[in-house]
Structures are given as C-alpha cells and as structure tokens.
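The structures considered in this document are given below.
You will see chain A twice below: alongside chain B first, and alongside chain C after that.
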Partner chain A sequence: MKTSSGLAEVGVLLAAFVLLWFAPSFAGDYGLQIAFRVLIYLTLAESWNLLAGSTGLVSLGTSCFVGLGAYVAFGLMNAFDVPLPLGLACCAVAGGALAALVSPALFRLRGLYFTVGTLALAELLRLIMVNVSAFGGASGIFLQKDPPPLPVLFHYALVVALIASLAITACARSRISVILRAVRDDEDAAAQMGVRPYRTKLGAFILSSALVAIAGGVQATKLGAIEPYGMFGLQWSIDVLSMVIIGGVGLRLGPLVGALFVVALGEALADYPEAHVAIAGVILIVLIRFAPRGVVGFVENLAPFTQKKRVAA
Partner chain B sequence: MPDIGVALSTIVSGVLLGGMLALTALGLSIVLGVMRLVNLAHGDFVVVGAYVGLFFLKFTGVDPLLGLPVIALIVAALAIPLYRFLLAPLAERGPEAQMMTMFAVAIILENAFVLGFSADTRSIERDYATLPLTLGPVTVPLIYVIGFAIAVALILAVHWLISRTRFGRDLRASAADAQAAATLGIDVKRVQMLTFGLGAACAGVGGTLIGAAFQFGPSSGAAYLLNSLAIVVLGGLGNVLGTLFGGVTLGFLQSVGGLTLGDGYRDLVGMALFLLVLAFRPDGFLARRRS
Partner chain C sequence: MNASGAPLLEASGLVKRYGGLVAINEVDLELHPGTITGVIGPNGAGKSTLIGLIGGAIPATQGSIRLNGRDISRLAASERARAGIGRTYQIPRPFLDMTVEENLEVAQYSIAPFINATLAREERDALLARTGLSDAARLPARALPLLRRKRLEVARALALKPRIVLLDEVGAGLVDSEITELITLIRSVADPNTAIVIVEHVLRVVRECCSRSIVLNFGTKLIEGPTAEVFANDEVAAVYLGTGGDRELGAASGTSTEAEAEASVHLESPAAERRVMSPLIATRSESSGGAPLLELKGICASYGQARVLKGIDLTIREGEAIAILGANGAGKTTLARTISGAIAPTSGVLRIAGEDVAGQPPHRIAELGIAHCMEGRRIFPTLSVKENLLIAARNASASACQERLDSVYDLFPVLAERKDHSGTSMSGGQQQMLAIGRALMARPRLVIFDEISLGLAPVVMDKLYEALMVLKQAGMTLIVIEQDVDRALALADHAYVLEHGVFGLSGKPREIAADPRLRHIYIGTAD
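== the complex of A and B ==
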C-alpha cells in the first residue's frame, strides 16, 4: 500500500514533468516567466516543508541559502567559467556544507532558537557580502557571460523542482518517513527507540538547504545581476512562509497550492509592494488562527474521504 | 587606526548604546521566559516606541524623556490587544503558531510604517541631544549618557519588580512551570498578558531613547530584534541583570569591531557573536531550564 501509493506519486510527478517540459513551445513569454517563478517558489516551499513537516524545525533562513546559491553560482561562473550545471551542483554542496557548519549553533535548545538562528545567519551572510569588496560589496556582481535564454532556464527550474518533489516523496512515502516523524513528534522517545535525532535533523537540514541553494543559483542566473539586499532579503523567507502556511504545513500539495497563490497575489498587487506584503501578513494571521492546515487542509476537511492523502501532518 | 581619544569615545558610545539596547532586550527576554515566545515583532515594537516618542513631542511639545511613562503605557496598550486577540487563542497550539503570527505582525507593522510615515530615516530632535559631554579624552553626546542612565534605572526597576513584588513572584512561577503555577491559583493568562505588555513597554521606552540618540526608520526593526536576541543570549535568558551585562558587552564588542575592521562590520560582529555564543556557550540560559 505504502509503496504503491509512493510509486503512483512518482508517476504523477514524472508525467507532470514531461508535460511541462514542452511548455516553452506553447506558452508565451509572460506565461513562461510566471511558470519559472512558480517552479522556483515550489522548490523553496518543498524544501521548507521537508524540514518543518518532517522535523518540526521552522526556518526563517531561506534567504540565507538563496543568497549563498546566487553568490556561489556567479562566483564560479565568473572566475572559472564553470558551466551552469556544474555551478549548480557546487551551489548544492555549498548549501549543504553551510547547513552542516552552523548546525551545532542552530540545533541548540530545540525549536525556537533554530528559527532565530536562521534569521541571524541570513543577516550575517548579507553583511559579509555588503562589507567584503571581493564579493562585490553593496552594489553586487554581474554575470559576465550571457545567461541562457528563458526556455533553457525554465528547464533548469523544472528539473530542480522535480528533484525537490522527488526528495519529498522519498521522505514521505518510504521508511525514512517513520524516522522523521518520530523525531518531529517526540525527540526523546525517538532517541529511546534507537533513532538518532541529531543526525536525522541534520540530514533534513542539509538536504533542504542544498535544494534552496540550487534554486538560488538558477534564480540568480535568470536575473543576470545580484546584490546582497535582494538575494539575502527577508522577502524570500516571507514568501516561503506565506506559501507553506497558505498551502498547509507538511501537506503534500501544500507547496504547489501555496506557490500558485503567492505568485498570483504578487502579480495582482505588483504595483503596490507595501500593500502586497501587508496583505500577505494579514492572510498569514487569519490562516494560522482559523485554518492551521492551510487551504489544502481546509479542502480536505470538507471532503473527509481524501484524508488518506495526508502525508506528514 | 584613529587616535586614542576618538577610539575611546567610540567605545564609550558603543557601551552606552548597548545599555539602551539592553532595555529593549529585557522586554524580549521576559516574554521569552514567561511565554516561551520569541517575539519576532519585538524590533518593530521598538520602532513603534520611537515613532510614539516622535509624535508625542510633535503634538504635545513635551520632552519625550519626561513623557516616557506615558509612552510606555501607550505602547503597552497597543501590544496587549495583540496578546488578547492574536496570541492567547493560539496558546494551546505550541510556540511556533504564536511565533509565526508575530512574524506576520512584524511585516504588517513594517509596511504600515512605510505607508503611514514614509520610508524616511528620522530622529527625535532635542537641542540638548547634540551637546558634547567631555571627560578626559572621552567625548560623547549628552543624550547617550542620559539614555543610558534611564535605561539602567529602568532595568533595575524591572529587576526589583520581578524579584520583590507579588506580580514578580507570579511571573517567576509562570516562567518556571506554567501548569504548576496555574494549579496554585495563579492566573497564568493574566500574568502572560501583563508580561507581554511590560515587554512591549520596555521596547517602546528603549525605542524612544534610541530614537532620541540615533536615527530610526520604518525597517529598523529587524536590526533591533537581532541585536536584542544577541544580548539575551549573551546575558542568559531570564537573567535581568545579565541582560544589562549582555548589552554593554555587545556594545563594546561592536565598537571594537567597527574601529578595527570598519564601520560596516559593527552589526556583523553582533550576528557572529550571537551564533558563536549559541554554539559554544549556551549554558547561560541552559542553567535555568528544567531537565
């Protein structure tokens, strides 16, 4: 049962992947721009869910790994003319390595300190980029070679989103899910049963951070120019939190629904940036209070027979 | 390296600012201790305090430093409904729901400031603020010394409140074990509400002091929040006088970092310190936690 539903999920993901692969041939430029953003956001939200839905760690440090990926990708491509796929692989390594490096500090005292630690880490990295002139300082850096055209970048984003989705499926549908949920729900009891909570959390954090860093690298390549305030800006973390709360924390379809919603909201209020963020804040407060499992959870509650689709809530 | 007088003055200024930040950090610390909530909107409460001080001066003409009790009450009165209507209903749902709610409040406040008061950087301007105070080779603006003195006096007052009064006893009991405190007849929700108000008042008064001594803008909140967190971690959670120590230490180290590496490194020192202390010396607050 478990394996077959997992295989079915992989099948759906691959079918969607193949279908979307041909999107550039029928979608217009605007449609492709939007689809690109949805895919990047989807990757970020899936990665966040991987961490929070399976270990209970709430991160406000998405921007930290987006920015890291952006700077690593640009640094390697500018200095060594590294091809993009290799550059993105290095982003993943860098993201995972940073996560491993800071985990002794962030995993102190479960829960709350992880959140503020990730916030502080993003600020720390931003200040380093602003102050160290080798990293371009406050004005940032340009990509020296021409970035690939949008359809190619769209394919990169699609592959990254597929990897993130498959990672979630692997974590939610396989034996690993039992370990992850055990650690999330009761660390001490899990430890008694022979699970190693620290290693489990570290693994989820490294994987999640690596995925976010790749997404950051792809996003930066599309922009062609990066600066520390944008790439390490709190906006990334706000958007990710909005997506997962709107979609539903720890729910399989949550990130997709959330990503579509947040991109649509951003498009609708593109001319009013302050109002956009403030409205996102109001939506968050209302949903946390009245629909803690987000839109997807709300719909599931209306239709109880779909309950079995829940993965990690 | 600048000459010794300038260097000393910079360091003393940093220490004095650290004292003022310690007052805001104290607000964060008591809320964290009693409610297990990292109030992510705390930095924006500081900015609220600065704006309240600014408009208090503009509309009443009374010096905001004389009006501090009123400012404290205003900020607390703004914060208590947030507790009552947003946080209290989430009490059963664990700290993450409350924390994310306050994060949403923070981004709403920040954007409301921009919409309402423009993105300009401001300062509460008093003619005595720029008067220099010279002691030997050290010269600092008078307002730094006044702000520091007020902040230290208020930190001591809060210390007295927590360690000597009936409310303080209830507060300490709620922080140690909310369930046991409730069993003993303490109205924990009321204690939490008052603590949240007190925490906001500390932020508000600190904000007015910082707004008078320095500059602030609608998005200054994040920096105040992170600095306050660094101070709480340095001083040890639940340790009121430790917070003062943490503030002064952070101010000192930031000034030294700014002098030796360049001004842009001031905040970087604070963040690095925060993560390093979390990694290597967490005992400051571990000592008070139940095992």
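== the complex of A and C ==
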C-alpha cells in the first residue's frame, strides 16, 4: 500500500512537471516571476520540512546554505566560466560537504540548542563573507556573464523543485520514513531499536542542505548580483520556517501550500510592506493557536474520511 | 538448562559512577544461552542501570562486556541492538505518534532495510499476536494505556530478533491472570540460543521463570544463585522482601489478610500522630451539615466511544479509608480521574461536601480539598524535591508551607535529605514518597492514591503503607486504588471491587477477602 501511494505521488509530480514545463509559452512575464519565486520557496520549504518535520531538526540555518550556493555558483561561473548546470551540481556538493563538516559539532546539540547552533553558523558565514575581500566583501559580487533569460531560469527552478519533491517523496513514502520519525520522536529509544541516530540525522541534513544550496545558486543567477546581507540574511530562514508552519509541519503538502500562501500574501500586500509583516505575524499567531498542524492539518481535520487520500495526493 | 559451555554474554567488573555516586560497583555477570536470569533488589539498587549498561544506553565507567566473545564495551546502543541485544524501558518509550505496527517496523527496517514486505508483515502480525496487541496494530501508540505500552516495549525488543533480551519491570501492575500470560510469553521467547534477563518486583515472574537470580543492593551484587535459594536467604528478606516475602510464602491459601501492619515508630500513639500530621490534614468542616465528603450517584464516564464507567454509586464520609480493587481495564484509574476532575462525567451526580461539581475543572475540585496522587508519579523533573512539594501549596502562607514541609519530612525523612536534588533523580520508591507528599501539601480533605505500589520493592511498599496507616490514624480521608489486594484491604474500612465499569462487589475488607467472587473477578475479567 505504501509503495503504491508512493508511485501515485511520483506520477502526480511528473504530470505537474510536464504541465508546468510549458508555462512560459502561455504565462506572462509577471506570472513567470511569481512562479519562479514559488518554485524556489517550495524547494527550500521541502528541504526544511524534511529536517524539521520528519527528523526533528529545527534549523535556522537555511540562509547559510542559500548564501553558500549563491557564492559557489558565482565563484565558479566567474572564475572558470563553468556552465550553469555544472555550477549548480557543485553547489549541491558544497552544501552537502558543509553540512557534513559542521555536523559533528551541531549534532552534539539537541532540540532548541541545535536551532541556535544553526543560526550561529549562518551568522558566522555571513561575517566571513563581509570581511574577506576575496569574496567581494560587503559589496558582494556581480555575475560577469549574462544570466539566462527568465523562461530558462524558470525551467531550472522547475527541475530543482522536481528533484527536491522526488527526494522528499522517496524519504516520506519508503521505509526511511519510519526510521526518520523514530529519530525525531525519541533518539535514545530509536538507538535501542538498532537505528543509528547520528547517521540518520546526518543523511537528512546533507540532503536538505544540498537542495537548499542548489536553490540558492538558481536564485543568485536570477539576481545577477549578490551581497552577503541579502544572501545570508536571516529573512530566508524565517520565511521558510513560517511557510512550513503555515502549510503544516511534517505534512507532505505543507510546504507547497505554505509557499503558495506566502507568495500570494506577499503579492497582495506588495505595496504595503509594513502591513505585510504585521499581517503575516497575525496569521502565524492565529494558525499556531487554532490550527497547530497548519492549513493542511486543519483541512485534514475537517475531512477525516478523505485524510489518507489527501496526504497521498 | 545449558549452563556449561561458553557464556553468550560476559560482563566483568562493571562500574558506573555519577560524580561521587556509585550506581553499579564491580558487578560481574554471565549469561548462558537458554537461561533466564532474574535480577531483583530494592528500588535504587542499580537494576535499571545494569540494563542500561548492557544495552549501551549508559556508558560504563569501567569494566568490559563481551557478547559471544566479542568486546562490545565501547559500542553505541544502536550497534549493540544490531548485534542482538534487545531491551525494554521500565517507563515505556514508544514512538507516540506512530502506529503500533510502525513502532515494530522501526526495529525491523533498521536491522534489515531490504526485508521482503510480506515477510516483515507476517513477522509483525505474529509478534503482535504473541504480545496480545493484534487489535491495536493500526492505533497510534499514544492511544495505548500504560500496561499495553509495556507490551509494545516487549514486542519492539523482540522485533530485533535478539539473542539477549533484557526485560525491565514488564510485570508491574498486572493481575494474576495477566502475569500468567506474561510468564507464558517469556517462556515462549526462551530458546536454546537466547538468554533472558528479567528485572522484576513481581516475585512470581522471577520465581516461575528464572533458574538463577541475582540480588543487587546499593549497586553491588549481594547474592547470586538458584532462584529458590536466593528467595530463602535471610539477608535478601531483610533488604528486599520485607513482609512481602512472608506473604509470598503463605500466599498459596490466599487468605492471609489480617491487618498485620507492624507497629512502626510512628504508630505509638494516634493522638501524637494527629498532632504531628495536623498541618497536612484539613480541619473537619462544620458547615456541610452532615453531607458526606464525597458522593457519587450514577456516574458514567467514557473515552470517546469507549464507555468505561457505567453508573458508579459511592459515598465517603470524613475519616474513612476505602479501597477500590479490580482487574486492569475495569475503570479504576478512570474513576480516580473522574473524581479529581481530569475527566468530566457524561452523566451522574458528583458532590463534594454537598456541592455538585460534576464537570468542573480539576483545579476547582482541588480547591475543594481533593488531592490526587496520580498513577505513574508525575514528578516534575526540572524541579527539586522541595519545589515539587511546594508547588502543591501555592496559596498557603510561608509559615504554613514550612509546617507542612516539616510534616511531610517527618513522614518521609528521606525527602528531607534529598530536598535540593532533582525530583526524578531519586529511586522509584523515593519518587513515590515525593508524589504522596506532594498530594498532602495542599492540606486536602481527601486524597486519592492511584497504584502507589506500582513497580516498587516489597520492602518499600511496606513503608508506604505504614505512612498511609499513619495518615489514616491522624484522621485523613483516603481512597486507595491498588493492585495489591492484601495491602489495600489491610488499610481500608470499606472496599469496592470494580468490574466492567460497575461495582461488582462491596463490603467490609474481611468479607471481601473471604469472598470467592473476588478471586473470580480478578481471574475472570482479564481474558
């Protein structure tokens, strides 16, 4: 039953991918801009949900890997004229490698302390970028060659989002899922069942970080110019966290619903930036109070009989 | 059975120190395949620590452990589990948000990620059937009550297909017929290649399953040998069995129910006792005009669809001590929770000193003088012993608090010694004393004691029941919910037996004890 629902999910993802591939031919420039943003946010939110929702590692270090991806992509393209796909692959490797490098220290911390640790890591990287002139210092760096046009970038973002969604599906619909949740619920009891908590967390952290770094690379390429305050800004971490909380932590559809919601809200209130922040805050408070499992969880509770199907779809 | 040949597991010179405290001191252990070894000893003797040291959850300070000749002393818990050591936790730690079935999958998939799905399901079904959890396979583990969670612990440990099985107090809280099932289960696990270790206070399990037994006391091995010899040892009787040993020996007839509470230091004069305990006991109310302290009429309560209480009538007057007995699942804890307001009754009348309080929140009922010493102790782990006590007396003045503290320390001197330690750092028996003390701190008019002897050494149960007797002598009104029939009946003025949510039997303790229906109810409802 598990495998069949997993296969159905892969089918839905592929169908959505094929449909969206042709979006540039009928969507306008504005539509593509919005869709691009949704796809990047979706990738980040899926990765964050794998860490926080499935494995119990609540990270505030998203910005660290977004920034890393951006700088790796620009560095390789500027210095060695690396083609974009190869550059993005290198982003993934760099993201995974950084995750593996810092995990011996970070995984000594549990719960909230891990969260604080990831926040410190992001700040550390930002300060390094600001102060080391070889990386452009506080003013950042420009992409020397021309970035690809928007429809091409949209396709990149679409492929990255597909890879992220397929990877998360593989984790959520297979035997890995129970192992991840066991580590999330009780690391010690899981170890007593033969689960290796350290390896499990490391695997999830590396996968999630690699995906975030690719998304960072794509986002940077679209901007054409990066600087440490933007790419390593705390805003990335906060946005992703609030998206998943709004959508539903640990739920398969949570990241998608959250990403759509946040982008739509941002557009609706684009002319009132102060109101945007305040309203987003109020929405978070209301959701946490009345629908702690997010929008998706709330809908599931309303329709208990279709619950299984909804999650699978 | 097969005591010759090489041991399957060999631990030598095991030491575990926590700072200055030595939890396990130079313990040697040999487990041979095909044997079942019992580990008994007072609470705090280091039994669970020993399980933790073998299972790998606790790193040893010193000493070595060899499994099949291979040194596993430095291996992490996960690697030891994969090498074939399965353990249960004394306080069950299921993955609460997963179904029972998924809980087993964790063990299955971690040792064999590519196991055939059909085979894995068959193995799971067989395990669930053996542990009596088949009907709960799809339920979230959170929905299971304590005793079924214990079964899930056993099932999870067995899902590892272990060669060493460490069972930490899986028999606590079971009635006779369930113990018989447990013994059958343990025997079915035993095969010529497996070694089992049982840590248990339910002596029947040890007596009937274990060929050899070890007694731990203060972290050292007091005695090791054939179980019958160990049980007959005088020293063991002194440090562990207490009066429980005598009752075990004479239990065959099932009629030894005399109120033989030996005179403790406290009981010299009821008047003196009343004076010392008076800060803890509410003054009798004159205003209620003769209304009973607690009155239940036709109380029904349910969890979702499941109706648990089906019309309970109960009247308690001030100064009475009543015992509520019954098989597991009969509704004893539900009744306690209904009285204290944790569950709102679906129908019926609940009066405290004449005031109808059905449906009132627990804090309101606590204000009216009902204290609930809950099953499972519920000590706040981040608070010290003293803070745990004071939290129940928030509205009292500082001097009243101090008086009550002194009285609780007088009742349980060990709490005074440990007053600045974390509440959960103490042994199980001391934690139970703390839970009792905390219930008393509110200066209640009535205290409900729910399964206070669960998982405690017989000698500690003696102490707790002495304390309850002191309270009763001092005029406290008590409801005692208890699995240990003899102890409860020795204390009570009146006893009720719950059966399928109604009182099947009630009367004077002496009559109840002699009633053949008591035995029938205990054995008849569990299957």
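Just so it is clear, the second predicted complex is superposed on the first by the 306 of 313 C-alpha atoms of A that agree within 3 Å, B and C clash if a C-alpha of one lies under 4 Å from a C-alpha of the other, contacts with A are read in each partner's own complex, and residues count from 1 in each chain.
In this text, contacts are C-beta pairs under 8 Å (C-beta built on N, C-alpha and C of every residue); 3 or more make two chains touch, one makes a residue touch a chain.
Quick caveat: nothing in here was measured; it's all calculated off a predicted structure.
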Combined model on chain A: chain C and chain B, fit or clash: clash
Partner chain in contact with A:220 - chain B first, chain C second, else both or neither: neither
Which of chain B and chain C A:72 touches, first, second, both or neither: neither
Partner chain(s) touched by A:51 [first = chain B, second = chain C, both, neither]: neither
Residue contacts on chain A - larger count, chain B or chain C: B
Contacts of A:99 with chain B and chain C, given as first, second, both or neither: neither
Touching partner for A:141 - first (chain B), second (chain C), both, neither: neither
Touched partner set for A:168, first chain B, second chain C, both or neither: neither
A:108 touches, of chain B and chain C: first, second, both or neither? first
Touched partner set for A:277, first chain B, second chain C, both or neither: first
Which superposed partner A:288 touches (first chain B, second chain C, both, neither): first
Identified clashing stretch of chain C versus chain B [189-197, 297-305, 333-341 or 387-395]: 387-395
Residue numbers on chain B that touch chain A, as the complex places them: 32, 36, 38, 40, 86, 89-90, 93, 95-97, 99-101, 103-108, 110-112, 114-115, 222, 225-226, 229-230, 261-262, 264-265, 267-268, 271-272, 274-276, 278-279, 282, 285-286, 289
For the chain A and chain B complex, residues of the former touching the latter: 56, 58, 60, 102, 104-106, 108-109, 111-113, 115-117, 119-121, 123-124, 127-128, 130-131, 234, 238, 241, 245, 274-275, 277-278, 280-282, 284-285, 288-289, 292
Chain C residues within the chain A interface of the complex: 55-57, 76-79, 81-82, 86-87, 89, 93-98, 102, 105-107, 109-111, 113, 117, 156, 159-160
Partner chain C, residues of chain A touching it in the complex: 3, 175, 178-179, 181-182, 185-186, 188-197
